[in-house]
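Quick heads-up: structures coming right below.
The following pair of complexes shares a single chain, subunit A, combined with subunit B in the former and subunit C in the latter.
Now for the complex of A and B:
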């Protein structure tokens, strides 16, 4: 049982994430210059943009591991997809929460049907569909296949949602990260550094949470396995 | 390839024969679409000018829900009566089962559209005749694209405990680009726009339809395996 205990203890990787988060908080909230027009509320952008990047990246990861799962039929790829979906959903929720907090003082409205907001909303709904299917289909033998299919279709759908919402309407501030002059040319240098650090730290945090979530899922499998073996040897001794 | 089409045709013929004898799906879809239109009318309680602006959205909400009804009913009776296992045991390509079902759904939705559109024109005092050819292309593209995803997800949803709730939850977010494109192209058409005014949307509709049709045919095999 010692093996299980070590697996649940805080790892060096976790510690790196913690230090990174503190550093990123300092850079974003104190070190980066105050935005001239929007003021301090603009600082939420460092976390908002970083989470949005993770939310999208995580779903692509769901799609890629779903393809591999359908191909190899190994449980671990299903675990990767499921963990990526769950952790990605948390970041997507964070995007949906930080967006309106920023939007209210700057745009004067909590919500508007702007392309990027609509995009995040649809992505969030696809995450919800994925997690709902996981929960309400858990008694089905084929549920992992169903989820893989949804993961693949959802990922193929991302560019379509992107273009559909973009042509539909626009109000979101023009992206300052991906400008024609190059990456991040629209921002002050210090702001760029703060955002870059935030994005890197959030990516590390994502992988850390993924790792923990995958370990949890493997423990669950192990527990299930043990329960079955005990049940097999002493029928009726384990409650279902 | 040729035999696959022939097999799909047989599945399609079987489904249409069942439908011809019961007329369950077409009638429920038609009544359902009609009710949606009437309820929307109450919901907006607006003048003629506003109604004309919201009409394209209304049309597609009605057809999207009718389409889900059709897709869901193309599998649920087969599962309930156990005939779906028989279909899977038949020595045919799984993709052709999907194509047959898809063709059936497109046909039924098309029939309902043909029946409901004149009523739309009547209720909302719209002009439709000059735009008929354009609408035909848009409706066909959109219905095939939407139905591909709907048929695939219906095959997933019928297996789950919450089958009636699961289909819209799975389908609508993924199908949202095609729905947005359909509403926009229909609106542009009703406002007298030309093909050039909606190049992007038509491209999106076509690419979506092709990509999701191919993906659905490929993935269906995994969904129905035991």
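Now for the complex of A and C:
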């Protein structure tokens, strides 16, 4: 375990997240009661909903930091946007994978063009394009402006996902977390606790991954700066 | 065994595998960049000392 932590360069904060994840796994799979209608497969909800919360939070952060970047043109906001987009995309992938796995035994199908699922797919595709442009696009101000606009466009899609079950009829159930009766009123108390712990742990994990991802971007800037210094003194010595 | 168990098992396994794969890619990129920075720093120092020698 210690060897793995060293290999993955996990910090003490990362270890806290890992312990939290194990505790959350215990609460979700063993401690929380079995749902009467769906059975054990409903336990997917604890990680599926927590992942969805983090993906939405991350993409809102991309939108906000992209607006600030367009306004101030400071590299640090571009770093926040890029890091949040990548980490949010990982959690969005978790949502897109666990959703169909939950849907198959409950709805009898892996996928349906339900409004919430369709808007989630659109969001996922927006961020596939965003990250592809980050990786393959040139490091030009115009590209960064386009990326910021794309990031904001992704954020605009989020209310459509969030309120889709209220605005349109579909197969996806209404939110069990945010109900008119209060937070988590549609669930048993133990289920609410397990979900709350998952959400808190995933939030901590998000900040941990953001910290790592932003540090990586700063390392990339440092390398770029050094490359320019070498190139300036000895043109042609550093490969593009 | 309940067939639904496999859906549950797959969902949780994929999340854990995905998470660790992502951590491995971050650690790999960090290591590669740290090595590159060390090489570039050495190159900058070498070029600077050559320039000083010429001056």
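The rule we apply is simple: the second predicted complex is superposed on the first by the 215 of 240 C-alpha atoms of A that agree within 3 Å, B and C clash if a C-alpha of one lies under 4 Å from a C-alpha of the other, contacts with A are read in each partner's own complex, and residues count from 1 in each chain.
What we mean here is this: contacts are C-beta pairs under 8 Å (C-beta built on N, C-alpha and C of every residue); 3 or more make two chains touch, one makes a residue touch a chain.
Values in this document were obtained by computation on a predicted structure and should not be read as measured data.
Enquirer: Going by the contact rule set out at the top, does A:136 touch subunit B (first), subunit C (second), both, or neither?
Expert: First partner only.
Enquirer: Touching A:189 in the superposition: subunit B (first), subunit C (second), both, neither?
Expert: After superposition on chain A, A:189 lies in contact with neither partner.
Enquirer: Check whether A:164 is in contact with subunit B, with subunit C, with both or with neither, and answer first, second, both or neither.
Expert: The first partner, subunit B, only.
Enquirer: Applying the document's definition of touching, compare subunit B and subunit C: which contacts more of subunit A?
Expert: Between subunit B and subunit C, the winner on subunit A residue contacts is C.
Enquirer: Contact-wise, after the overlay, does A:19 reach subunit B, subunit C, both or neither (first, second, both, neither)?
Expert: Touch partners of A:19: none, neither subunit B nor subunit C.
Enquirer: Could you list, by residue number, the parts of subunit B that touch subunit A in their complex?
Expert: Interface residues on subunit B, with respect to subunit A: 149, 152-153, 156, 159-162, 166, 169-170, 172-174, 176-178, 180-181, 184, 200-201, 204, 207-208, 211-212, 215, 219, 222-223, 225-226.
Enquirer: Flag every residue of subunit C that touches subunit A in the complex, lowest number first.
Expert: 2-5, 7-8, 10-12, 14-15, 18-20, 22-24, 26-27, 29-31, 33-34, 36-37, 40-41, 43-44, 47-48, 51
Enquirer: Residues of subunit A touching subunit B in their complex?
Expert: Spelled out, the residues of subunit A in touch with subunit B are 70, 122, 125-126, 128-129, 132-133, 136-137, 139-140, 142, 145-146, 148-150, 152-154, 156-157, 160-161, 163-165, 167-168.
Enquirer: Any idea which subunit A residues touch subunit C in the complex?
Expert: Touching subunit C from subunit A are residues 7-10, 25, 29, 39-41, 43-44, 47-48, 51, 90, 93-94, 97-98, 101-102, 104-105, 205, 209, 212-213, 215-216, 219-220, 222-223, 226-227, 229-230, 233-234, 237-238.
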